[in-house]
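By written order: A, B and C. Residues from 1 in each chain.
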């Protein structure tokens, strides 16, 4: 039984791909799934930092591809969640160190070991992006409700659809008060422009910066608002129909931000 | 193409052509640095080959030219007799390639490293494979390396060969940069997180060491790491790994070495370096 | 820093040869830290000081500089059209009516970064330096070909970094790749003094403890920036915006009009929030 292989991408950098990969992975693992996270950002690796496993890296993706170690030797098990592992990227190499075919092979091997392979894609649409999508069968596009991010997401969705990958959307860092005042696009605006299936809506949260710096994904913090949201996204990914939570008074229309979750 | 891989302190030579041609190939490979492997012990993986005893003896002699002692061979059952004739240990069937589903053509794919870097990294990778194995199985098997077919070959620390230089680098190493050296490494400047230092000897950082440092990377457990500020992401000496704790207080110059199978860090003033007679 | 001589486009008889313009690439490594916003606002502020400025969007395929400037509708041709000889440079340069001395050279949206020839791009930057006092190049995220193209032809760099561990790591990598021949300076963006005080965000010192770069400026996090980029109105045009003032101060430092050390934004007191600027 082979795992689901999902790439998390965005086009624009800094919208929260890595944070989303880490937290969604943690939420899935918490619910009992076996999850492997793959950092495809060779040379600018960050997934290990966000998960707090940076100090335990001995081997990396490039060394697996080059045959210098076994795949299992490179996988780092999370100490908090036994179902969660990560395959880190190399830091002293660059994205041309591996080819799309090699990447696809590694992802196939991983798929035999778990239920979900989540691939954290680098920013942009260059070689690193092509490598990251090479092994994937599905895609999640992460965007913020800002014009530049949406433009880039649109470009990326086009490329993903060219490859025949089904695409779902996570809108990250939404600020309800700014949507209300008309200073930020609302969920409906975004989904209308991008016309992709909505998987989740994550509000902006000050705590995320600190948890990222400390290497503790917020999804692991019990009773955090964002943790609950990632848990719902995980359930939706599994196929459950989970309604989006209603935020704000329902008497406002037009550009009111009506959903979160 | 035949390949030479470091496995801890020893070599595994995988042969995929007639031994005579393999010997020639290895001669060419080693020609640039004939002393590189001097003192190593090796095991040859013959795959499906069934060479005449004379060829096997000649192969062993060829390796001896470079100071490599061939201890044993792996291969099919018929190899057992051939090995006995020339006084080599027969180590059973060859171990299947590790990253199992990878197609063979990957071995021929070009790795973007210079020849020197490739061999250094191969050795270091061998040392790290030991570390991972040790972490999994515990420190009990610390001093032994499992050879290709499960026969243990004792680890022998090897002094750094004569003529090997200490690499001196002045300037800060930034994330993504690496210095590898056969010998000692001295950096005057910081080593930022994401940077990597690998040396077969000692490592000295006259600045803040915040990246990864691997001293004694070919197995020298007597190697040291010394820094004005020792705050590495990860510290490795020979086959032992340690990470620094979350404590961020600055403590002044420190010295790290292996004591009783663990990495121990002491303030530099307390390190008993003056008691040693020579490196 | 050299005091830049700003000259009219119309040559005067017997005048001195033009001082060549400065080419500065705005880069970061990590995406989303504010490169494009910084390029747009610095360019606007420099032009407002009287310098002739051209902004070049090097993010082929994912262009955003024109959107942030509010010039998207006026873009007819882009960099690749110029490099491929389909149009002249003058045809491609977009004028900003609000800021007469500012021009934009947009990126192509439907092409790839691989389509850009690095040498040709570098020569284009050279041509632009002959015509403008400042050439600011908006670099794409990452360290792939797009980055390599963007830095070709620029002998100065501004690294934009937010006070987060991941951003600092990526910035460090980029600084290492920029090499020693370029002048490199730092802008710390999106600082939140209250979080720094609570220990939940890195301070400017923490950031520069790793990066070791001369500090060009520090910009506080403020919601009016998102609004302005969505609307295509750079905050540097808004006299009431604090972030706009930060960019204007950085522009004065770049031209050498202001030599004082950059101010680090301080936490707003209750009264400060009531009666202070908009952010």
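Quick note on the criterion: a contact is a pair of C-beta atoms (placed from the backbone, for glycine too) under 8 Å apart; a residue touches a chain by one contact, two chains touch by 3 or more.
The model shown is predicted, which means the values in this text are computed figures rather than measured ones.
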item	value
Central chain of the complex, centres being mean CA coordinates	A
Top chain pair, ranked by number of contacting C-beta pairs	A-C
Far-end chain from subunit C, centres as C-alpha averages	B
Subunit B-subunit C separation of Cα centroids, rounded to whole Å	46
Cα-centroid distance, subunit A relative to subunit C, in whole angstrom	29
For subunit A paired with subunit B, centre-to-centre distance based on mean C-alpha positions, whole Å	37
Sequence positions of subunit B contacting 2 or more other chains	175-177, 193-194
Per-residue overlap in subunit C, given as positions that touch at least 2 other chains	169-170, 173
Interface hub residues of subunit A, defined as touching at least two other chains	43-44, 91
Contact set on subunit C toward subunit A in their complex	29-33, 36, 61-62, 64, 67-68, 109, 112-114, 140-146, 164-166, 169-170, 173, 195, 200-202, 223, 226-227, 229-230
Residues of subunit B touching subunit A in the complex	97-103, 106-107, 109, 111-112, 121-122, 125, 128-129, 131-132, 175-178, 193-196, 233-234, 241, 243-244
Partner subunit B, residues of subunit A touching it in the complex	43-45, 54-59, 63-71, 73, 91-92, 96-97, 102, 105, 108-109
Partner subunit B, residues of subunit C touching it in the complex	169-170, 172-173, 175-177, 210, 212
Sites on subunit A touched by subunit C in the complex	11-15, 18, 43-44, 46, 49-50, 91, 94-95, 122-128, 146-148, 151-152, 155, 175, 178, 183-185, 206, 209-210, 212-213
